[in-house]
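Both complexes below contain subunit A, partnered by subunit B and then by subunit C.
Up next, the complex of A and B:
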């Protein structure tokens, strides 16, 4: 019996522990939580705040599905139950509709935009028309007629929505079950029938995305540093990530400042993009095209730079945060000026930048130069040499390069930050002449579809990975040209350039990894074990974010650059992780970087055949110098910060009319007052009311 | 649904109970103590019943809806029987305590009569029962939404509040009748209490047709109230005297000098 009761006690205890998730059944009767909620968040710079804000516990509004721009009248004027939560298809997400809603004066509780399944054919760009106009090189002092896009608007489709401030939450929703539920709820309860107004109870939605930071960056940085108590609540964080760079021959990184006898060609691309909503940033043409081209060019040059003795070193650089007033490039130039970088500005010979090159096949490649610095004859000569090298490199390839014939400024590019320091010869390679050929610049539609990275239907992911798309072929052509031009620029022999060729399959795999799915068999082989968890099955999000450690595009670029420019060395895993080639080696880590990557999966086993890759890849923090200098009102450097928030959620439910609520309250107060009165009367007359059964004791006479 | 509904439903559910507490119990510390003890006894009965139900649910087949429904009915019946058992146990305890209190105290009369104890313990049971019935519903009524998105009735909060008010008052009436029945060995009264308790609890299975569960419950409450009034020593004559304000004359009339 003892054993049995023991067993029952143990079972009891187990039951109580295994109790299961506490699902509050009353809450489930009332609310339906939304699963996929992507908000627009608040960003701040030295003077403004942009983005969206909700109230502390979320904004509640009666659902209204917007049918057309004329239907806005219902929301803004005629509807009887404000505030409204507007659901719209992305075709209505235009500047005029959003500005009308913004001025809706309390009748608009929030907006939810349903993502379409295909890109809008006329293009859409929420960025400004003149990106980064205040932090480039053109100003009143430098090329005054060229500043602020006076000669040409780079992003003509830009409607500037990303840089507006909204005081209601704006969420993005996929067209899935939740959205169907919302539409059904609207049809059942909210839809005006035959012109009559809908009756309560009405379907409503609550969106919650309260942002802690307000006003601008100096305010929020000041609030960050207030020390009221032990726990310091931060309200905002500066946008930061990492720049990746790799010299074509090893440089001693422990010695900062000028390196004697080093002449460096900086070839750069950008690593980041953004969209109106915070976690979406596919950046296919704005970031991935240039990034993949530069990686492929570096790969093509691997053998050539090791075999031949070149006069100049090629410096492959990937800047992060260029979308937000050139965070990465301004930091690197600042470090070079302050002698905190292994090379300095005197070592830089020329700059070649790869911008947006994805649509090259339908247009030409254009080589942009800066007219102001070209007035100097020596700079002009160097630029002409560089362009000549680019032209010779294009011979024999299916690439046609041209220069814009008119005097126009450089497009938004990291090279402008170098020019701010001093004049350099440099060229920016783009696939457009006077305005972006990218119709979806910095929007959620700049994805694989817009870049025409298309795969034949019915392919498995593995087959898709190994299929060479047309876009990959054209980007490989561009990469070959860039690689050959760099070889010539670095002093290589013209006769040897025909062996330099970018690999189409590698380019296609890189495009697949950045634009379709970052977790595939190829990336799993070239990434170190500790970073496997960051790979996912979605398109890479290129937004810079605020993490101290690297984001996924940085991690991928790091490993890709290491594997494509480095070499495999026979070093044990222990030594590899400790950055040495043998037990007593103390010098190699100054010159090289060793990464132990996972390698291929062994057949019939979950083990992997890892190996050590030795490369010259390094990374440095990409944060605006304004935060190091603690000068948050500066207009010299980027001052962008992102607000912090507690929770982002959305839910739908029914609301009852205000009258019914007040009636309930009235009934409650009535019940309370009448029961108080009744009880008082009864208790004061209690001895009369309940007298017959009393013992006749106390009332003695 | 918002603060208005929250306060409205709270006042509806706990209004009579709070006013009873304020005017009849709050001033007498002994009554307060017995009220809280009564609440505790109800809590223990709920704990036992829920333990049994929880184990039986874990053992059972979670997928079969009819089995779950059967288990729920079983749980309700068990809970009612346990509550009444604990009411009886509390009665026994109070009898023993009263004898002990009398032995200890200096006075000759009992400081609190068994009838007052019946009322107080009934109200204690009622408070705790009402709290457990309605507090989590009230907590959800503070939010912006009301019940209905899955098709349930809108009047969930209101009817829960009214039901709770009825339950609290019913527990008070049952306490009076039950203790009186135990005192005078009238087991019919005790059986009637148990039966009506079972009836009221089973009526809640009619929800969401709130009318068919609330109306009979209020009718039963009215009858129980009348029965408890008579048990507690009231009569129609007393009521008439009170209502026509002739009570002063009555008192004076009774205080005839001997």
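Up next, the complex of A and C:
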């Protein structure tokens, strides 16, 4: 008997195990999970919240494929089964459609936008028309007629969608199998046939992107740090990353504050971009063009700055977070003012900024200056010298530079934050005169295609890496001009500038690494082993994000700058990692930065021939000074934070009508109540019901 | 505890203990007093201690009513206005919901 019961126990356990493993298939039969989900997330600043929010467990809506703007009427008024989950092609992702959906008052459960395979021809920019208008230098006190884009709108195509607040989730989807499934589900179940309304069951989608932070940055930072709350969970994080900088000759970084006898030319570019959706930020023209040009110029100047004795030091700087009210540049200026940086503002002689220069090849390069500071005659003289140097540098190249003829403010640029501190001579190089030539500023379409980085078909990735595109050639020209101008500005001899030339192949490889695939044979050679895992096969995401994540553009810029401006030194791996050239060396780490990079792959082996690169590359934290001062209501500095979230997911399934659900619930409750009643009746009349025919011999108690 | 088996004096002391205990900001004790001793105070045939128990039960009911109104009013006000109170609301709260003001 025991053996038999043991056997049954084992069989039962086996059955349960099999059922447990395969019982998940019920969920798979009901729900189809979406694999590629890119949400729009909530960002907050000192006064507002922007972005999208879903309800805690996700918003469910009946699918509707939007065919045209007139079809919105079905969603907003005539459709019988609200709320609707609207799926649209990106051609319908316009301000008028989204504003109508935003005011949809409960009939809209969410929006999914299908990414197109090619960029919209008329341009699309979800950023505002006047980027960073409140944190630049122009205000009522400084150039009042120039503030708030009164003279010229820099981003005329801007529809401001990124800065609107939506109370439903908005996701982006690729045009792949999942989207085809969604369209098929819509065709099968939801499509109104011949004017009649579709009947239940209907195809529905649930999108979940619940954001924890709310209202504005002071509120969410306060909730982050409330001490006596039971579950102290963080709800938002400030946007932050790192600024990368490298002086052309070594500076002692242990001494902060003013450095005597140092006159520094700051040449800067920005490292970041964004789009409406959180993980997409290709930023080809808005970030990569300037970044690659400055890296190439630094590379071109490597030998010249080491050989010649220059009066002034060139400071290659890459600011992060400029999209969000100049996070990086405001932090660096703040550090310089507070003597927490190796140089201070008295050391800065002039500023040259490389803005968006990718579309140069079809027109001129424009040198923008600030009219207000130029009223001072000494500043005006310095600016004229700088422009003259740029003109001399452009001689003999395929580059033509011009100044805008009218009095107009500086375009949105990091140089404005330097001007907020005090007047400096400076020039911002852009490829546009009075409004962006970039039709896709800060959008997901600002990619390799929009920058004309095109490769002939049928090339392997390795061949693409080494193929020199036309864009690369024109950017190399710009880099050569910038490098020569910097050499002249730093006091170099005019006769020596013809030897300064940017390398087109390096520019091509950099463009490939930033815009096509960051994991290629070239980057694998120049990156340190610990950061190889961050390289991937997609276009680099330039969004600044929050501090926890190792940001790929920062990593690439760091290693590229180190390899392109530094030199290979014969140092052992251990000494290199410990920042010294030999065992007793204690001084070099103050002047130089040593990186052990992976190097080329040895033939017939997985080993790599690593080497040590000595450069002057440093990095400093790029977080808005508002978070160091803990003043979150300030209008002087950026106060942008990103909300935290628990999970982002989406799934589709069929829903039954609400009436059927209520009926089922009602029947269930009815069965429960009637069974309770029946049991009560039976138990109270038990002696009548269950008396057997024979006389029972009742036991005497 | 079954009140049936207690002698009347012990019922009175128990009622008095619960009544006095409720003054220590414990309205639940008054609720228990009212519910438990209601039958004893109003529905049983009279016994000597019943008048005292009656007063205790009546006063407990009064105190309970007072507490219910105060708490209901405060809870309604708090739930309705916490979002608008901003900083004060956050410092008053034990758990703050995520994602909603």
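By our rule, the second predicted complex is superposed on the first by the 663 of 701 C-alpha atoms of A that agree within 3 Å, B and C clash if a C-alpha of one lies under 4 Å from a C-alpha of the other, contacts with A are read in each partner's own complex, and residues count from 1 in each chain.
We take it that contacts are C-beta pairs under 8 Å (C-beta built on N, C-alpha and C of every residue); 3 or more make two chains touch, one makes a residue touch a chain.
None of these values were measured; they are calculated from a predicted model.
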item: Simultaneous placement of subunit C and subunit B on subunit A, clash or fit; value: fit
item: Partner chain(s) touched by A:395 [first = subunit B, second = subunit C, both, neither]; value: neither
item: First (subunit B), second (subunit C), both or neither touched by A:667; value: first
item: Partner chain in contact with A:26 - subunit B first, subunit C second, else both or neither; value: first
item: Partner chain in contact with A:204 - subunit B first, subunit C second, else both or neither; value: first
item: Residue contacts on subunit A - larger count, subunit B or subunit C; value: B
item: Touched partner set for A:655, first subunit B, second subunit C, both or neither; value: first
item: Included angle at subunit A between vectors to subunit C and subunit B, based on C-alpha centres and rounded to the nearest 10 degrees; value: 50
item: First, second, both or neither for A:56, with subunit B first and subunit C second; value: second
item: Contacts of A:187 with subunit B and subunit C, given as first, second, both or neither; value: neither
item: Subunit B versus subunit C as contact partner of A:629, first or second or both or neither; value: neither
item: Minimal inter-chain CA distance - subunit C and subunit B, angstrom; value: 19
item: List of subunit A residues in touch with subunit C within their complex; value: 53, 56, 210-215, 219, 222-223, 226, 229-231, 233, 235
item: Subunit A-touching residues of subunit B, taken from the complex the two chains share; value: 1-2, 4-5, 7-12, 15-16, 18-20, 22-24, 54-55, 58, 109, 115, 136-137, 140, 143-150, 152, 154, 156-158, 161, 165, 229, 232-235, 238-239, 241-242, 247, 250-251, 254-255, 257-258
item: Subunit C residues within the subunit A interface of the complex; value: 86-87, 90-91, 93-96, 98-101
item: Contact footprint of subunit B on subunit A as seen in their complex; value: 12, 15, 18, 24, 26-27, 29-32, 60, 185, 201, 203-204, 206, 651-656, 661-662, 664-669, 671-672, 675-676, 678-680, 683, 685-686, 688-694, 697, 699, 701
